[in-house]
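Below you'll find a set of structures to go through.
Both of the next two complexes hold chain A, though its partner changes from chain B to chain C.
Showing the complex of A and B:
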């Protein structure tokens, strides 16, 4: 029996074959990415960033993204936490009232420092998942449409498109070289850490040589097709196939404007009212009360 | 001092063209892959213990001048987003540091007429000093400052993060950079995309 494949491989990751999020124009999806990429920076309260994170995971589920694909980011999620907590443990901050929780030799565990580390951790994890969500629901083509909808110069989007395609070519070449090595019996898992680093570096030589050859081929190909990177002929703009197939409608502009307005309103709550400051965190308030015995 | 590979021969015409643009895009693509692998391979929070992407930045500007410099600040934005090692605002704030990391080696090699094939001892010194030490000092200094500004590390940990960042990147970029220059430069300097000047 044929197994239905839910996810499609793109140059930079996996996206679902079918997803309700595709009903939105790539421009709207880019605006969501930009907004969700900034919102956590205005939030100190960990609970709010946890809610934001839950909302993003909800979007993953709604968009039919296979959550198993997120496993590769788990080491990052863990090490980010470890890194933040260790630095805030050994280098406690002066912000807030210093409350000593525990002391082991010269190492002092301060509540204010650990609480601040918690804020930062959830802030950065929320930002990371917002970023991962965008790359899990947008193909390279969608990114180009979105940037061209924002009137980004053709040369810049062409460069971006070519770079992303080059990424795919490079990955394919890398895979071929790796399989050739495995076919000859190389087992990378047996190598030491230093060995792995050296081995990684050694891939570069054949890969670069192939890229140099590809550059010549692509340049000649583009030249022979009459490609002009300014996308203008005699001062006039050439028709854009991608944009002709994906025009921006009034509805898309309305959605994008609404998202931006929501973002501005949200930010102003923090900038002018300090609504999302750590001092307003219910958990922080409760723990402080407990520690001070009040 | 002999200008070596940088000398423009009599009658030689060098103009920036489509092939340079394509090479810049390909180099950005390579940087995306190398940067992403480096960040995912040995992640230490926002600081990867092994980020060979810096070698791509230095070598890129040595081979392709300003084109390599542009690739140097574009590819980390994309590779950071893919690997999840830095959020978009942080990646954008890294731009000046990445640009510096991508331009210093190219400037030094042209200024001091060092050979990208690492033929003489002075070429090795030039790469080690400018392409690795100075570039990474600036990059790590800028990067750790950005992390402090975003509140991602404690202010008192600034120097420790800077030192860890510098050491991790410097070792990785020296190993990969030397390999690339020693073994790939002899091919690159013969291609028409190699830039004797800053743009051609």
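Showing the complex of A and C:
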């Protein structure tokens, strides 16, 4: 049916049909992913990670990713927050000066612990969105091109390709099983939190059984096609269609190098100067000042 | 329209008004479908792969909510929030692959799963399990077995039993004969026929097998490109090969043979071997 489609279904999710980010070679996109995935680990200041998060959302918009798709990650964003804050509430850290904010029985709410929880939370959310951005702008094929451009062994990329495919099939089966449950009158919203967790374990029976059956089918399929897990055939290098269509140019190497250099410079600021330490957070400084009455 | 197909009945069970459905990637799978189904019909959805048959079926069942338009199943609007429990008592959906529908550790739990979702007490649940399993031909001796380790034909019966335990007025079965040999296919179809004729369930099947359609269905809905191309009795639909060609569907061989012999006075809507023999005998 002729329709105007903005998003394209991939094995893992959806990517835009057309996006300015596709002008970059998959290798450069992978480097961006790795860098954006590591940057938050070097940042303790929540404000910086929030700015980083805004920058990632800016990248989503620039890349024409349908922001409505991000709604599905919202429960994860809240759940992660809940777990982190509850953990730091019951197991406060010893780092920093202990300032008691509130006490309810044996449970003590320390400012330094809550601030550290905030720092960790925004760090994880920034990492999460950086990963979502990568998978929202790269098809499985792009990932394989990127890894082969990094000279990853053929066997490894082959298994990666199969794993990605398996993940997609697994998720599709999961979706169908949920529909089947719905068709039999299950309303998940009726279940308690514990009920939902117990219920989730039920999915494992059909999912793993289907996966095992599929694994066998794929193995037989590969065997019947005479697949050899090597990048050499009869002693000669196997022709690589993906790389022949997407060669790495000097421009791509330049972009990748520039991004890596920026990353190293950014990390140096924290490692050698502690620029992004929590002690330098303007909000943290202001609140501490307020709490100490200064 | 022939009355046996239930076309003349005013007892509507499903009303579809201006149904359009788009997938989350923006693909418009169904466009402006207007159709009604009546109680007691045996309906077949046919058309080439990707024409929207399964999507339409899932919309009827409330698994997919209409992007535009409305579907009323026994007066219930499928788009309403929290309508699922009421809806499944009116319309059941049997998936193409039974493995997607079996997720309990025993056959008994599998069939009991849906009634338990309706919050029935265990005695009522047991009663429904016994009735559904008896109708489906699942013996009580299998109740403690793990459904995954049974043969496919039996797994399919359990999948149907697990829907029958909801006592739905309409049962949709997606490709009931796929991957089954002739004997198993006939068994499944005879079973659906019994549900239709003896127990009064409205049956909707999604299929590519025209011989099965000719033999069992009373009404055929031909879909093409997300729309209903034509809708009528089996004879009406198969008598129009030019229209069917638009949907890349061919009538059964016996119908095509009769159509090829049209110049000798054969009717173009023959759908069974017996009918063909009758026409042959009248001419010899």
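Everything that follows uses one rule, which is that the second predicted complex is superposed on the first by the 228 of 294 C-alpha atoms of A that agree within 3 Å, B and C clash if a C-alpha of one lies under 4 Å from a C-alpha of the other, contacts with A are read in each partner's own complex, and residues count from 1 in each chain.
As a working rule, contacts are C-beta pairs under 8 Å (C-beta built on N, C-alpha and C of every residue); 3 or more make two chains touch, one makes a residue touch a chain.
Quick caveat: nothing in here was measured; it's all calculated off a predicted structure.
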Just checking: does A:180 make contact with chain B only, chain C only, both, or neither of them? Give me first, second, both or neither. second
A:209 in the overlay: touching chain B, chain C, both, or neither? Say first, second, both or neither. both
After the superposition on A, what does A:6 contact: first (chain B), second (chain C), both or neither? second
Have a look at where A:167 lands relative to chain B and chain C in the superposition and call it first, second, both or neither. first
Is A:282 touching anything from chain B or chain C once the two structures are fitted on A? First, second, both or neither. neither
What is the contact status of A:235 with respect to chain B (first) and chain C (second): first, second, both, or neither? neither
So in the superposed three-chain picture, is A:93 touching just chain B, just chain C, both, or none of them (first/second/both/neither)? first
Per-residue touch tally on chain A - higher for chain B or for chain C: B
Considering only touches as defined above, state whether A:124 meets chain B (first), chain C (second), both or neither. first
Residues of chain A that sit at the chain B interface in one complex and at the chain C interface in the other, please. 202, 205, 209
Quick one: which bits of chain A touch chain B in the complex? Just the residue numbers, please. 12-13, 33-34, 37-38, 40-41, 72-73, 75-76, 79-80, 82-84, 87-88, 90-93, 113, 116-117, 120, 123-124, 127-128, 130-132, 134-135, 159, 162-171, 174, 196-198, 200-202, 204-205, 207-209, 211-212, 214-216, 218-219, 222-223, 227, 229
Tell me, which parts of chain B touch chain A in their complex? 17-19, 21-30, 32-34, 37, 40-41, 43-47, 50, 52, 74-75, 78, 81-85, 87-90, 150-157, 160-161, 172, 175-176, 179-180, 183-184, 187-188, 191, 193
Considering the complex alone, what residue numbers of chain A touch chain C? 1, 3-9, 14, 69, 173, 176-177, 179-187, 189, 202-203, 205-206, 209-210, 213
Which residues of chain C touch chain A in their complex? 22-29, 31, 52, 58, 61-63, 82, 84-85, 88-89, 92-93, 95, 97, 99-105, 113-114, 117-118, 148, 162-163, 166, 225-226
